[in-house]
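Shared between the two complexes below is chain A, which has chain B as its partner in the first and chain C in the second.
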Partner chain A sequence: MALQSLDIKARSATTTPPPDVRARGAVPVAKLIDISKCIGCKACQVACMEWNDLRDEVGTNAGTYDNPRDLTAQSWTVMRFSEVEVEQDRLEWLIRKDGCMHCADPGCLKACPAPGAIVQYANGIVDFHEEHCIGCGYCITGCPFNIPRISQKDSKAYKCTLCSDRVAIGLEPACIKTCPTGALVFGTKDDMVLHAEGRIADLKERGYSHAALYDPKGVGGTHVMYVLQHGDKPELYANLPRDPSISPLVSLWKGVTKPLMSFGLGLAVFAGFFHYVTAGPKEVEEEEKTD
Partner chain B sequence: MQVTRRQFFRICAAGVGSSSLAALGFAPGEALAEVRAFKLARTTETRNTCPYCSVGCGLLMYSLGDNAKNTRGKIIHVEGDPDHPVNRGTLCPKGAGLLDFVNSPHRLQYPQYRAPGSKEWTRISWDDAFSRIARLMKDDRDKHFIAKNDKGETVNRWLSTGFLAASASSNETGYLTYKVVRSMGILGFDNQARV
Partner chain C sequence: MSKPVQRYTARERSNHWIVAIAFVLAGLSGLALFHPAFFFLTNLFGGGPWTRILHPFIGVVLFLFFMAMAARFWRFNHFTAADRQWMARIGDVIRNRDRGLPEIGKYNAGQKYLFWTMVVSIPLLLLSGIVVWQPWFAPYFPIWLLRIAVVVHALAAWIMILGIIVHVYAAIWVKGSVRAMTRGTVSEAWAKHHHRAWYRQMTGK
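Let's look at the complex of A and B:
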């Protein structure tokens, strides 16, 4: 019997190991975003807001199709439109659905100091539990893709959950279901890699010789992957990082500084005890005692 | 219980010390977490067709309650119908946002009448609306109906009134609409499906 619908693989700021016996049976899931099929209709944005009960403020036109202009605590996915001259006299309109990549090695979870505010499920979903969030913003520092956003309303961090509530009962995420062109596909990670291979072969036949799957190894692979027509130049897609990795600040803080701090704390306690044993308790004058 | 000043300080120090240790991560947390509860678990699922365009995508509407006598349903979620051959579960951004369309405070929910030259809309009953529409149609048809053309051939045309039908109609509704409109002699007949 488990006390939750999805098994936990990792939990922020927690030292005890999670229940692990059934974890091997969990099937890793993945969302595949085929950028070559996306028409930028933003149905995924609407479906995301509808399912997750989010209603962002109506923004203003900034001269591009990006709307909202950036991710917010209320907008967990946005389409980023890039007009790129890929080569001389060849303009392409590249549309990338931005949002949480659900890294296998999540920088946000590593950086998070609040126990249980960020969890990674055995199926690969990285989820924020806002009731445990302290609003420190370390997850933003830890994220190689600049995804989490702190809400102005409640000072807690929010991002895409990969619709963990839907996936937990066997449904696909809301964005996947609504996508009219089939640019978004959902399934096991193995199946999604296989599906991507077919798409890449097709793109190569059509003249995109550098078409590739974006599943960066620097963060252990991701559970949200892209099929890129120009796989050799991910920067073209609204600065998608070529080789993302967790900020060294996180490993410095969590890796070196934390044990040092703990050691310093222990040392202070030990020194106090040693001083008590050798020097004895502080003598107290009679008149001070009668305060 | 008597607590001296020094004892009070000791209690405070012990409390701060132990809670600091816990805050620094020495207290093990339970490795448990639950996802958001699935909000459609026991809602009522109703099939419908998207009202927007001629594609006619299938919808599943989810409403509160299980249709028991004392419940009042309210649509809380709309998504595509995976069994519908047109869209197989997908929806465009307009269809995906239908929840706010259904529950919009600006939605027209009853017939309104604006007299010629007036700026005011007044609420009227469905009976009044139907009677008025029927009256005006009959008057116009009696006045402008063309039974025979110049050559004396029977044509039975009514050219001064047009009819605009909805897009989200079933084949049966479409058949009935066609029969009603054509039997009155209306030629100007179009469908919102061309949007």
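Let's look at the complex of A and C:
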């Protein structure tokens, strides 16, 4: 176990119970991203680089503030800037900190074929253990948010860990610690939902009548949540999916079908064996040999 | 002892066994990533990452040599009226009641079904495999296509493995068949009994 102080709730490609003995269990945690408070300073990106020792390549300017332009194996969180006119002549600059959502029902973990390469801690954090990763990219197929990235350098998948190493010893994630406006807060999931309710009430008072918490039920809720000013239009925020869920194709591929198909293969072998010992081999009859 | 009948040339046999070896390797490395119950098979290939690296290359070898083999055997695999009559009596064939079966050519209907199953599934495996091939090709395809490709790949592989289980069992079951692919010949009696139309064509009898 990479983090011995954290219980594991789910482990990729494992059909027996994961290590889960601690009596007190764990309290589900969550990061709350209040988009209405974000000023796009990217301090969280820098803190993430610093704590996790990541240095992405210096890219090119694409005419927007998005820098780097996309998540990579070296950039686990990225600010996505959207200029929108929700009402005529009223420009809004929506800045969404993108990264792993830490789904309660993680599609990456479901899709992963390597035992223990992806774990979900009892506190809800979904973590990649790269030493077990085989580089197949199935997690990319499973993720409803397009988050995991395979490194060009070592062919392992990387993404935000929600600073599981910090959380395990009672610290908040690096991005939370550094946020200068309080747009990022961290705590138990219950507390974060409560905190969001206060923020949403405040936003509604200020005229954002559709302000809402983004905690999509299609993936069992997430351990990274957003406060959206326009909760009725999540797509405005750099195409945040309205109702994300694990693709039915992934469920078909990784669900009950594979044990059944494996059983089918075994059955075919047994059917052959028992056919041989009952019906017997097909031998050429004697009279044909002489005629 | 009657003279054996030539069924496969040395080139045909080599081609078949390259396909067979590639199939076993691709099958074992593929099953390793198919379900956790088979993950231990990655040990045969030097661990998880090596299994992931080698599997697609083995698959490409399988595809190339299978296509060469399919081209060789294509013309013997068209269905005929005799095949349909033979298929109607498949129950008797399975129960070893072969008396009065129609005269059939080089391949029976079961063998032909296997042939066409492979002709469809192996190119499907290649195409879907290229789409999910990390790290070379997968990054160039959209995620929705990856999701379709993994399902197509698993399904086509499953059908193919089932087909090969039947193929291998049939070779064990029908005595005198294996030597066709190991030594190239079958006995006259075998040829007469199982593929009489082909036997007539080969011997002029």
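Please note the rule applied: the second predicted complex is superposed on the first by the 254 of 291 C-alpha atoms of A that agree within 3 Å, B and C clash if a C-alpha of one lies under 4 Å from a C-alpha of the other, contacts with A are read in each partner's own complex, and residues count from 1 in each chain.
The criterion applied here is as follows: contacts are C-beta pairs under 8 Å (C-beta built on N, C-alpha and C of every residue); 3 or more make two chains touch, one makes a residue touch a chain.
These numbers were taken from a predicted model, which means no experiment stands behind them.
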I'd like to know which partner A:I150 touches here: chain B for first, chain C for second, both or neither. second
Figure out whether A:L252 sits in contact with chain B (first) or chain C (second), or with both, or with neither. second
Please work out whether A:V284 is in contact with chain B alone, chain C alone, both, or neither, and reply first, second, both or neither. both
Considering only the touch criterion stated at the top, classify A:C41 as touching first (chain B), second (chain C), both, or neither. first
Applying the touch criterion given at the start, work out whether A:A13 contacts chain B, chain C, both or neither, answering first, second, both or neither. both
Of the partners chain B and chain C, which touch A:P180 in the superposed model: first, second, both, neither? first
Tell me which partner A:G116 touches in the superposition: chain B (first), chain C (second), both or neither. first
Touch check for A:S262: first (chain B), second (chain C), both, or neither? both
Touched partner set for A:L228, first chain B, second chain C, both or neither: neither
Same chain A residues contacting chain B and chain C, which ones? 13-15, 113, 115, 258, 261-262, 265, 269, 284, 289
Can you tell me which positions in chain C touch chain A when the two form their complex? 2, 32-39, 42, 47-49, 51-52, 94-96, 98, 132, 134-135, 138-139, 143-144, 146-148, 150-151, 154, 158, 161-162, 165-166, 169, 172-176, 187-190, 192-194
How about chain A: which of its residues touch chain B in the complex? 3-6, 8, 11, 13-19, 41-43, 45-47, 49-51, 113, 115-116, 119, 127, 129, 161, 164-166, 168-169, 174, 177-180, 182, 258, 261-262, 265, 269, 284, 289, 291
As the complex stands, chain A meets chain C at residues 13-15, 113-115, 132, 134-138, 140-141, 146, 150, 152, 155, 247, 249-250, 252-253, 257-259, 261-262, 264-265, 268-269, 272, 275-276, 279-285, 288-289
In the complex, go through chain B and note every residue touching chain A. 4-6, 17, 20-21, 24-25, 28-39, 77-80, 82, 87, 89-93, 95-97, 99-100
